[in-house]
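Across the two complexes that follow, chain A remains constant while its partner is chain B and subsequently chain C.
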Partner chain A sequence: MSRVLSWRSALVLAALVALPALPFMSQFYLLLAFDALLFGAIAMSLDLLIGYTGLVSFGHAAFFGLGAYSTAILLERGIVSLWVCLGFAALVVGLYALLVSYFSTARRGIYFALLTLVFAEVVYTFFRYTQTFGGSDGIQGVPPAQLLPGVAIDTPLSNYYAVVVYLALAYVLCRVFVTSHFGKVLVAIRENEDRARFLGYNVQRYKIAVCMISALLTGIGGALYPGRSAFATPDLMLWTVSGEFIIMVMIGGLGTLAGPIIGGAFFVLLQEQVSSYVDWYFMVIGLVLVFIVLFMPRGLLGFRRMLGFGQWRATT
Partner chain B sequence: MKRVTWLALLVAVALVVSLTAPAISQQKVVKIGDLGSKVGVFEGYGKYQTMGIQLAVEEINAKGGVLGHRIEVISEDDDTKPAPAIRKAEKLILQDGVKLLIGAVSSGSTLAMMDVTKKHKTIHWNSVSCAEFMRTTKFHKYYFSNQPDSRQQANGLAKYILDKMGKKTYIFYTDYAMGQSDARQFKTALEKLGGEVVGVAGAPLDTKDFSPWFGAINQSNPDVLFLAFAGTDSLRLMTQLHSFGMTKKYKLAGIDCFLLQQDLQAIAEPMEGFVQLNHFSAYNPDPNMQAFNQKFKKKFNVDANIAAGAYDAVYFWKAAVEKAGNFDPDQVSAAHEGLCIDNTHIGRQCIRKEDHQVVMDMHLYRVEKGKNLPIARIDGKDAIGEPLVGQDPLKGFTWEIKKKN
Partner chain C sequence: MDYLVAVLLPQLLHGLVFGAALGLLALGLTVIFGLLGVMNFAHGELYMFGAYAGIAVIGVTQSFWVALVVAPLLVGVIGAVTEVATLRPLYRREPLYGLILTFGLALVFREAVRQIWGGDMRRILPPITGSTPLLGMTYPNYRLFLLGASSVLLLAIWLFFTRTRAGIVVRAAVQDAEMLDGLGVDVRRVFTLTFAGSAALAALAGLLLAPVFTVYPQMGVEMILLAFIVVILGGMGSMGGSVIAAFVIGLAQSLFSLWMNPQRVAIAIFGIMIVVLVVRPRGFFGREGVLE
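On to the complex of A and B.
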């Protein structure tokens, strides 16, 4: 089709659209699919940073949480338009992301990761202790958002389609970026930052731009979350959530976009299934991660391609 | 030949299984959900909640179940966080089709769960969480509780503390839904009775080192230190208070579920003299309590505790279902209202119609050599307070310390 949207991607999208029609897709599976696709999309947006630019962000949970809080705050106050909620979330997350990326991108490697973590912890602590936003209990019991006046996104099915649209748009946007000159510069920065600078690229500006894009996509994902769960709590911004996002990217495969979507979905489904049978489910997830890192370093998508089912297309 | 014998045996076993299986599965099944913390800071409460449910279900099934249905319990862990609590509650209701959901342990998770049980019209019993929002702003018609909430506990404790322990109290609480709620209600109750709160502080859930707060406590020089913590937080706090000599310096009091009886033996010395309100103790000579403890111990080989609440919740639901004559949530909810059950561990318990809170007597206990010994009985009607459905419990409340001369 084009370098942005392949036939395979279009087919997957069509399958996702048709998924609710399957006879076994109960309301619960639709909600589970919502979580799987939402976190898959967030992992994909993080892949722009980790996989393409070589920047490991340990603060993505803050973007997600801020997006969720932005929506929850408006919904709680009776402003139920989805578009206003998304716009407000984009504004709040954008401003915060500008601040974080400006300072964090001034440093490389572990220092970048630490700075993103520290900023995220500040935001977490702020919401944790601010009673205006519900303190540690957060904002709970918010009404659903409305697509148009009187058209609420209040069923598992409508929430599912909302997240499918978000995922599709986010994927196309990410593909546009990574296949453009901008994306190639990001890979150049990842491979050799000094060389990219000597070639005349303003490296920090590129880093800020990709941080902003990744943060905004994550924030928009977060903005959809209260519509499904009816709450936003500080737990959503905990550093462990940022860690989970990184795990999702690694499981799926760095620098592939589609890989982290699979990784995110895989992580959510694995967590859901294993936690119903084992109390210490994180041990199982940890073992899966160890297995993937040792035996499938290119993640689930890379492994599939290593077996000859497709060409390895990561940006290496 | 040997192989033929084995084969014949296998076929015989398969035949027996296939013939008996339909007979076994002929009884209809009704599923109930058990959602709570199975690991982490509140692990103990979640595990005992499961045990209480199991015991009740086993007894009920032995007598033919509910309306001819055998009860099946499905247990899930909420990770003590609202997001997994919601996901698991949805799984239990939408996927497993439970008709009753009991949980959660953490107040934050229970509050989040309430949105799910309200949306999907599912009978929801809480037997551990105690934040006051559940029977005020978050209340809905499918929600019921037999856990004394913060207001009940504060009303029960405040008078005893003022009369017997001291006038000046410092409130130290775990800074999330449950602790904040307990601290707020206790401050309100104490000040209403003329007591003085000399200081208030909150420490985050799962705090490892409490010593940074000790200076402020010592500086305010209270008679009583009121502690609103639970689970492993309580264990760490008491150990650290003791090592700083503060368990001897101040009289200590705390909330229901501050520590499970099972944990008391390990820190008997720091806990010596600690006063708390509780609705169960294995060391209470009350015949009802001993009878419950006996059957609990017989099954699980440990003393009963807060598990009594989950056990009673199943019996309340059973009685309501039988009264309604079906499992329809609206009819079962209506059947719950005003329902009483007798001969429980604390005698008669009744569900108040207005806010679905169970009215029951409670005991005040003092810890002596690792045992919760009763020192007073509090009438349920005196402690429960008026129904406040839909009213904001924070209205008019202030953390401001009113100094007295």
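On to the complex of A and C.
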């Protein structure tokens, strides 16, 4: 347990809890912090797939969007309990993820990436054109979820703390997974899938398991989103959003867990900062991405080698 | 019979036209994939560049035909520069990096076009107007030209790959670049020129289709997904497979739209792909072990 919860992560958690006490943390900055931590957590769960298992999912936006839609659909219909919403989101995302991972994990490399992409596009197209769920406008103006009957998560501050709790739990969970035997097998699959198979591991079962974990964490993150934004739109699951998730992981550093959290937060803050000055922020983000791939392939955290894991094979 | 002539036949021709153009796009994609192992996410943006470069050239020369020659050359040069500056340093790295790099390039390209030309829909007027009576119906001349031109192009590409030395070198590089390098061919130059060629092809497809569709910065994003599906269906790295799959998807798209609304068509196409991948995991003509 001490390895999982080092004093450093406890310190970071304490800082995050104390953050709203800072004098300049207005409502606006709280919502920005919400986004930064939410997408950080999603990037971290994607890192389980990309960084540890070597599977590049280009369809994580669908897990995120499905989670958001699940919550929004329930909230719109007056079911406002946070726990019911989260449970429903986990169920929906879980069923979909089972289907996707069953078919996608049978294929390797580029096929996996493109299969997840196409599955996600099916979901996107479905919500984009289904009028029951608002078509291209999505579901707008949903009421806040309630933690307990009468206790609504309706302020930026309460939303912020909800996401801090989610991030902390997700981090602990991911840390436990990657330091366990399960995590070691994932790395073995990344390094040499055939050898892992010859050693007697049912490689596909491991892959499905890690896909499910990653998808569920992402979906839960998505389920928290309508609480902050009061909407769920099909644009949340555009395939370019999946690309942005990958960018966040890359910026932070593959296979480090903490790196992608920083990467996700960095991406959100960069987008916010750049877009408040210029309207061509996608160009800046694209250039940052190109720069990182070319000159910092191990990302922001990549300068340090994480204990116990070889870094992503930068050269072959 | 009336239904056949008035509804089915034009739709079939539409499908062939669209399939041929899709084939041009997918061909470039699959060759680059075979060569560099990179699924080029910026390919759709090169397609879009073709249309916008066409608008620029038409603005200067007032001639669609000049644009049809000059615009692909311009985009080819952009492609060559991009390849040397960004993809070349990644040759020995994981294919993942190429995927992500081209995703970043696509963002940059799209935004650059939006800054220069704005985000509005634009149109290029067809250089050939009027329509021709054909098998009891009338069909627009420009679409007939489009079908003819893309078929000739596809044939020319096939001849290039089978009958010319340069084409055979490219195919050899797809097969085994290292061996080709050992035989004394400058593989880096082959890579760069092929990338430029695939960019020019995408641009050509973009400009040829521009008078039929509309031109806007996102146009490549929608096309590239179909092109990906075509490449997967045809089998990664198989050129013939890509062309056949392009016609299958083109025809499926236009025939389905007779009976379904657009989202059902999209889902049906995705469905075709998923079914094919489950039944034939490597597509129509995919080889075992290609980047798996």
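Keep this in mind: the second predicted complex is superposed on the first by the 301 of 316 C-alpha atoms of A that agree within 3 Å, B and C clash if a C-alpha of one lies under 4 Å from a C-alpha of the other, contacts with A are read in each partner's own complex, and residues count from 1 in each chain.
The criterion applied here is as follows: contacts are C-beta pairs under 8 Å (C-beta built on N, C-alpha and C of every residue); 3 or more make two chains touch, one makes a residue touch a chain.
Remember, it's a predicted structure, so these values are computed and weren't measured experimentally.
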Chain B versus chain C as contact partner of A:W280, first or second or both or neither: both
Contacts of A:F28 with chain B and chain C, given as first, second, both or neither: first
Partner chain(s) touched by A:E272 [first = chain B, second = chain C, both, neither]: first
Which of chain B and chain C A:F39 touches, first, second, both or neither: neither
Greater chain A contact set [chain C / chain B]: C
Which of chain B and chain C A:S136 touches, first, second, both or neither: first
Chain B versus chain C as contact partner of A:A106, first or second or both or neither: second
Partner chain in contact with A:T233 - chain B first, chain C second, else both or neither: first
Which superposed partner A:F126 touches (first chain B, second chain C, both, neither): second
Footprint overlap on chain A, where chain B in one structure and chain C in the other make contact: 128-129, 280
In the complex with chain A, residue positions of chain C that touch it: 33, 39, 41, 86, 89-90, 92-97, 99-101, 103-108, 110-112, 114-115, 221, 225, 228-229, 232, 236, 261-263, 266-267, 270-271, 273-274, 277-278, 281, 291-292
Chain B-facing residues of chain A, complex: 26-29, 31-32, 35, 128-129, 135-138, 140-141, 229-231, 233, 235-236, 272, 275-276, 279-281
Chain A-touching residues of chain B, taken from the complex the two chains share: 38-39, 76-77, 79, 81-84, 86-88, 90-91, 93-95, 107-108, 111-112, 114-115, 119, 131, 138, 175-177, 180, 204-205
Footprint of chain C on chain A - complex, ascending: 50, 56, 103, 106-111, 113-115, 117-119, 121-122, 125-126, 128-130, 239-240, 243, 246-247, 250, 280, 282-283, 285-290, 293-294, 297, 312-316
